[in-house]
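Inspection log for the structure reproduced underneath, given as C-alpha cells.
Just so it is clear, A, B, C and D label the chains in written order, and each chain counts residues from 1 on its own.
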Amino acid sequence: MGDIILTMKDIDKSFPGVHALDHVDLEVRKGEVLALMGENGAGKSTLMKVLTGIYKKDSGTITYEGKEVEFKNTREAQEAGIVIVHQELNMLGHLSVAQNLFIGREFRKGIRIDDKKMNEEAKKLFDRLNVDIDPTETMSNLTVGKQQMCEIAKAVSFDAKVIIFDEPSAALTESEIEEMFKIIRDLKKKDIAMVYISHRMDEIKVITDRVTVMRDGTYVGTLITEECSKEDIINMMVGRVIYEDPKTESAVPKDAPVVLKVEHLNAGKMVQDVSFELRKGEILGFSGLMGAGRTETARALFGADPKESGDIYVNGKKVTINNPQDAVNCGIGYLSEDRKRYGIVVQKTVAENTTMASVNDFMKGIFIDKKKEKEIADKYVEALATKTPDVEQLVVNLSGGNQQKVVIAKWLTRNSDILIFDEPTRGIDVGAKNEIYKLMNKLVAEGKSIIMISSEMTEILRMSDRIVVMCEGKKTGEIDISEAKQENIMNLATREIE
Amino acid sequence: MANKKAFGKLKGREAMVLGIIAAMVILFSVLSSTFRTYPTLVSVLDISYYITLMALGVTFPLITGGVDLSIGTGLVSYALIGGFLIVHQGVPVGVGILACIGIGVLVGVFNGVLIAVMDLPPFLATLCTCMITRGLGPALCGGFGVSWPSAISADGAFRNVFKFTSDSGTVIPIGIVFMIVLVGIMSFVLEHTRVGRYTIAIGSNKEATRLAGVNVKFYHMLAYIISGLFAGLAGVAYAATYATIYPGSGAGFELDAIGGAIVGGVSASGGVGSIVGAFLGVFVICLMKVGLPFIGLQANWQQIFTGIVLIAAVLIDVIKKKK
Amino acid sequence: MKKKMLAVLLSSAMVLSMAACSGGNQDGGSASSDGGETETSSDDGGSDGGGSYTFEVLVKSFQSTYWQAAVQGIEQACDELGVKANANGPANESDIADQITMINDAIQKKPDGIGLAACDASSVIDSLGKAAEAGIPVVCFDTGVDDAPEGSVYATVATDNASAGAVAAENMFPVIEEKIKAASSSAQVRVGEVNQDATGLNIQQRGLGFIEKMIELCGGADKKVAVVGNEFYVNASKDKGTVDEKEADVIIEVGVPAQTTVDLASTEAQKIMSKKDTIAIFGSNQTTAEGVITANQTLNKLATDPEKGIIGVGFDAGTPQKEAILNDQFIGSVTQSPLMMGYECIQTLNKIANGEDVSDIPMNGYWYNKDNMEDDDIKPNLYD
Amino acid sequence: MKVEKIKQNTLVKKVGFNRIVLIFVMLLMYLIFGGLTGGSFFGISRITDTLNYAYFLGFLSLGVTFVIATGGIDFSIGPVMFCCALVSGYSLMTYGVPMAVSLIMSILIGVLFGAFNGYLVAYWKIPPFIVSMASMNIAKGIAAVFTKTQSVSWPQSTAADGWYRNFVNMNGIPVGLIVFGTVAVICAVILNKTKWGRYILCLGSNEEAVRLSGVNVKKWKMLAYIICGTLVGIASIYFVAAYTTVQPGYGDQYNNEAIAGCVMGGTSMVGGLASISGTVIGVFIISLLQQGILALGFTKEYQYIITGLIVIAAVYSDVSARRRKN
C-alpha cells in the first residue's frame, strides 16, 4: 500500500440547523481504493464536496501531496488532480462523447477545434481504460452505464491523482460494473488513489482495500476490507442508539381489511414485479437505499409515470390508474419527496394549495366559495398546527415542515384514504419532524392508511407497522415491525450477488 | 464532421428538406410554365438573401434555447440608418454599410446583456428590442424612407455583390455564392469552433457547461451578437436588393427567418440545429413566397402554407420524440 | 419590492427625460421636415393679414418620399403666409388606428385648421364629426373623404385617382397600340397591373381608372378585353364589357401583393412580366412601381420599344423610378403633385381662417417622361 | 421573521404593491404630459379619446394575460383580431350577413383560433411561440384569401347597420367603458374566483404539481387559449367599432403593445402570476404614452422606443424579485 496522498483532518461543517460534519478525519493512500460508507445523510457527499471546493469547510485541514490546500471550486481541484465522478451525470446530451470529454478545454488548431485529435485522444483514453465507446457517438444515445464510463474517462483524462466515485454503480448493469472494476484495477496499478462511495456491500468487498465508515456526520472508524465481514461494516453504520422509541408491535389488527393491493407492478428498470398490500389503519414503511426504486414504485402506482403492467385493487376492487386523476379519484394521495417541484404551487396561498385537489367541493355555482375554502384551510392549519399567520399567506414564505403540512392538508381535504408519504420529513427540522410523526399516527388512528417511503432508518423503525424493503427496483423482503432490526433491514437493502 | 450520429440525423432532416424543396420546384414547374425560367430562379434567390442572412444569425440564439425577435425590425432600421447616412449625410457607401452592420452588432450586444447578464427571458427582451429598433431607425432618420444608391449609379457597386448584370443584360445572381460561402463559414463556426461548441452546450445544459469552466455569460451573449451582426448584414442585403427602405416595415421578417430555421430542423427548445438545415429551410419559405403566385394562387396562400408547414415541421419532431 | 418600485420609477424617469431631451431637440430644429416653420414670422409673409395661424397637418405616413414632397409644399406655403403648421403621421400607411389617434390629438390642440391626408376614408369620419363640433375646419388633401359629415371638410385638394389612372392608360396605349391591334384570341397580348391595395380607396380607384380606360381604348381598336387576377378587380370591371379570358384578345392581369412590401410587390410583378405574352405593365403607386423595377433587375425585360420588351409605366416618383425613366426602362410615369397639394392645402386652410370662401381644388395627374422631367411644372413634383 | 414579512399594509396587500406603483406612474405621466403641453393634456374629451380607441387593445391585453399566466405566449392576437374583423366584415358587406350574426361570427373565429392554438400547445406540446407564429400566418392568409386582399370598411354609424358602433359610445354614454369594465371584472372574477382561473394560474406556476393533484392540466391550458381567443374576438368588434376599416395582412403591430401592457401590469412570463387590474392599468399606461407622445408633437417611433425600455425595466424588476425570493 502506497504513501498517503490526501489527509482530511478535523473537518467541521455546519449548515443552518444541521451539523453536517463533526470533526471528520479521512486518509487516502496512493494506489488504494478506499470505500466511504454510511447511511443516507451520514455526510459522505458533504465531505467530498468540502474536499473539492463546492462547500467551504468551517474548520479542519486538508493536506494533499504534503501541502495544505483549500480549493475554491471544482476546477481548481481538477487542476490539482482531484476529480469527482458524480452520481447524477453532468453531460451535454446533444454533443458527442469526445466533445463532452473535452468541453471547456478543447484541442485547437488556430480557431478550429481539432475534433479529429479529440476523437483520437478519446479513443486512446478508452483504449487505455479498455472500454468500447465510439468517441463520435452522440452522448444522449449512450446507455446510462456508458455515460458513466465517459464520466470516469473524463476524470482520468484530467491526469487525476485522486478520483472520487460517488455511487458510480447505481445505474449500471452487472457487466458494466465488471467493466468499471477492471478500469479501477488498472488505475490502481497506476498508483491513483480512489474514494469509492457505495451502498453495495458486495462491491465493497470485491474492489476496495479499506473501508471508512461515517455515521450522522461523524467519523466512526476505518477497517481493512479483507479483514472484516459485512456484518462488521453494517454494525458500524447503524450502531447508533435510537433515542426515539421504535415501535415494537404493530397496532394494526391482523384481520384489518386490505385497502390497497398492488400486484406485479412493472415500470421500467426501477420497478420490477413489485407486489404488496396495505391494510386499513396501517403505516407501511418502504425502506431501501437511494435508487432502490421506492419513489418510482409510488409514482407508477399513482399514475404519475406510465407503467408497463400490474394490477391495483382498492378496497378489493380492481381499478385502472393511468394518470393522477384516476388515482385521486380512487382516494389515493401522493406527497412527493420534492415538495417544491411536485407538491405545492409556491406562488399561491395556503388556502389555494389546500383545496388544489378538491376545488370541485368548494364551488358555489361557478365561483369558488372562498369563505368555505378559508374555513377548511383554517381548520387544517389548526389541526395540523401549521405555522402561518393566515391562510392567505403565499406558501413560498413557509418553512419546509409547514409546506409539508399544507400538502398533507391538500390530501386530507380531498378525503384521500390512502396516503403515500415520500420522504415526509426530508429537509424538515427535528421539532417539525415530531409533529409530522404525530400527525401520521393520528391519521392512521382515524382509519387512513399510509405508505411511507423513507431513507431514514429511525423513521422507518419508529413509524412503520410493517416494512417493505426494496433494492434495485425489486422488493427484497417484508418484515413485521416486531421483527425489524436495523441490521436485517440493511441486509435486505444491500445487494447480494445472486 | 465529428459527430457522426448527430450528423447522420441532421443529414436526414436536411435531406428531407431538400426533398421538399425539390417537390415544390417540380410542382410549381409542372403547374406554371413561367415558373420554370431562369429569372424565377434569380428572383427566388433575390428574396432569399436577407432571409438567409437573418436565419444564419438567428440560428445561434435558437440553438441556445432562446430566440431573437428583433432581427426583422432591426434590419430595416439598420438599413434605414445606413442609407440615411449615405444619401443625406454624404458618407461614403462603404462607411454606410459598416454603420448598418455596426448598429446591428450593437443591438446584438444590447440583447446579449439583457439575456445573458440580466437574465431576462429571451422572448420579452427581444420583443422589447424589436419595438425599440422599430422606432430607432425612423426616429434617427426623420421618419422618411430612403433609397440606397441604385445599381447604375456610381455608388451602386455594392448591389452587384448580390446581383451582377453583365453588359449583355444577363443577370448573374452571384449573391448565392456569397451565401454559400457564409453558410460554409457559419457551419464551420457552429461545428468546429469553441463559439459554436459552447452555443450548443448552453442549449443542451447550461449548468453543466458552466461547471465545465466555460464562460457561459460570454458565449451566451455572443450568440445574440452573431444574430445582430447577421441582422446588420441582412440590412445591407435588403438595401441592395430592393429599391427603397420604408420605415415601419420589417415586422414579421424575423418570422420568415425563424420559421425557415425551424423548418430546417433547428430545435426551438435548443441544442439541435445546423446552419445548412436553416439555409435549406429558408428556401422552403422563399419558394412559397415566389412560387404560389405563379401557380395562380393569390399571394396570401403563401402565409397559410407557411403556417401549416411550420406546425408540420415541429409536429414531426414531437411525434418522433414520442416514439 | 423596493427594487421593483425603483425599477418602475427609474423607467418612468427615463421616459420623462427622453421626452424632455427630444423635446429640446425639436426646438433646435433637428427635424428637417418641420424645422423651418417655426421661424417664419408673420411680418415677412403675413400678406393675408389676420396674424399667424397654427394648423395641424396629418399625412398618411412619412414612409415614402412622396410625403416628403408634400411636407415641402406645406413648408413653402407656411413661409409665404407666415403661418405655422405641424406635420405628423403614423409610422405606416396602414396604421389606421394611429392616424385616428393623431387626428383626435390634433383636435385637442384646437388649431385654426387641420389638413388631412386620410389613411382610410371610412375610419376618419367620426373624428371629422368631432372636428366639426369643435369648429375646426378640415381640408383633405391627397385623398378625399366622400362621406365626410356635413360641415367638417371645407375643401378637398386631391388628385382624381380614377382619371390619374386613366392618364397612365392613355399614355401607355399609343406605344402598344400596334401590338394590341395585332392581337387576337389566338394570339393574346397581356397588360399587367400591380396594385397595392391595403391602403384602400385611392389606389383602388386608380387601378380601376387604368383598367376602365384601357378597356375603352381597346374597345376603340375593336378588341375584346378580359380582366384576370385579383378577384376584386375582375368583379369590379365585369360591367365594363369584359369577356371571358378565352375569347379575349387583350388580357389585363391584376396582381395584388399580400402585404405592402417591395419584395412581395416585385414577386407579383415578376409573375406577370415573365409571361411571354405580356406587352406592358403598370405599377400603380410608388411601392408597386418599384416592385416592377426590382423585378426587372432580374428579368431585364422592360424597354421603351414594344418590339424589344415590355412597356413599363409607373406612378408617383422617387429616385428609383426617375432613374428607370432616364434609363429607358419606363416610358414614363404619372405623378400627382404632392408638393402642390401640400401647398394648396395650407393656402386653403389659411383662406378659411381668414373667412374666405373656398372650394375643392382638383389636382391633375401629370404624365412625365424623359422629355418633360425637367419642366418647371413637373420637376418640383418629382421628389427623390 | 416570517410573521413580520406578512404583516403588510392592508391596502398594499389588497391592491398589490405593483399596481400602486403603476397607478402612481400613470398619474405622474399624466401630470408631466399635462405640464409639458401647457395644460392641453387635461380634460374629459382627452380622456374619452384615450379610452374610446384603447378598448380593443385592452381586450387583447386581457386575453393574452390568460395565456401568459399559463407560462405561454401568443403572438397571433393582432392578426387574429384582424382576421375576425375581416372575415365577418366581408361577409357582412358582401354576402349580406346580418350585423348581429357578423358580430357573433367575429367572436367565434377568435374562439376557433384560440382552440387551435390551445390544442397544439396543450395536447401536442408544441412550443407556444411557434404555434402562435404559425397561426399568425394562417390568420393573415385566411383573412386575405377570404377578402381577396381588399380592406373591409364596416358600416358608418349613420348607416342602417351602424348600431354596432354604439358599443363604444352611445349618445355620450360611454358604453365601451362599461363593457370593458364589465369584461375586465368578469376576467378578474374568472381568474381569481373560479376553478378555471385557479387552475390556469396554478399550472402556470407549477404544472407538474397541479397534475399530481389529479387535475387535467391539458384541458385547462387549452381553456386559457380559448378565453384569449374569445377576448380577441371581442377586441375585433371594438376595433371596427372605433375605426370601421380593417386591412388584410396587418395586425402584428398590436401584439407588442398588448403583450407590453400585460407584462407591465405584473403578469409574469414565467407564469403563475397574473393580475387583471395590472393589465388594465398597463394598457392605459401604453395608450397614455401614445397620447402624451403625440401631444408633445412626436411621432409614433418614440412611443415604440419608450415602451420597449419600460417593458425591459418592468421585466427586469420582476426577474430580479423572483431571483431574490428563490
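Structure notes:
As a working rule, contacts are C-beta pairs under 8 Å (C-beta built on N, C-alpha and C of every residue); 3 or more make two chains touch, one makes a residue touch a chain.
These numbers were taken from a predicted model, which means no experiment stands behind them.
Relative to chain C, the chain whose mean Cα position lies farthest away is A. Rounded to whole angstrom, the centroid-to-centroid distance between chain B and chain D, based on C-alpha atoms, equals 30 Å. Mean C-alpha positions place chain B and chain C at a centre distance of 32 Å. Taking each chain's centre as the average of its CA atoms, chain A and chain C sit 73 Å apart.
Taking the mean of the C-alpha atoms as each chain's centre, chain A and chain D sit 46 Å apart. Chain B has residues 134, 138, 143, 247, 252, 298-300, 302-303 in contact with two or more other chains. Of all residues in chain C, those touching 2 or more other chains are 62, 89-92, 95, 230, 256, 258-260, listed in ascending order.
Two chains count as a pair here when they touch; such pairs are A-B, A-D, B-C, B-D, C-D.
Contact residues of chain A toward chain B in the complex are 74-75, 90-96, 98-99, 103-106, 108, 111-113, 115-116, 118-119, 134, 136-138, 141. Across the complex, chain B is touched by residues 73, 120, 124-127, 129-131, 133-138, 140-145, 148-149, 248-249, 252-253, 256, 259-260, 263, 269-270, 299-305, 307-309, 311-312, 315-316, 319, 323 of chain D. The touching residues of chain D, counted against chain A in their complex, run 2-3, 5-7, 189, 193-195, 198-199, 201-202, 205-206, 208-216, 272-273, 325.
Note for the complex: chain C touches chain B at residues 31-33, 61-65, 67-68, 89-92, 95, 230, 255-264, 266-268, 270-271, 274-276, 286-287, 290, 293-295, 297-300, 318-320, 323, 327, 384.
Residues of chain C that touch chain D in their complex: 1, 3-12, 14-16, 18-20, 22-23, 26, 62, 86, 88-92, 94-98, 100-102, 104-105, 108-110, 120-123, 125-126, 147, 197-200, 204, 230-232, 256, 258-260.
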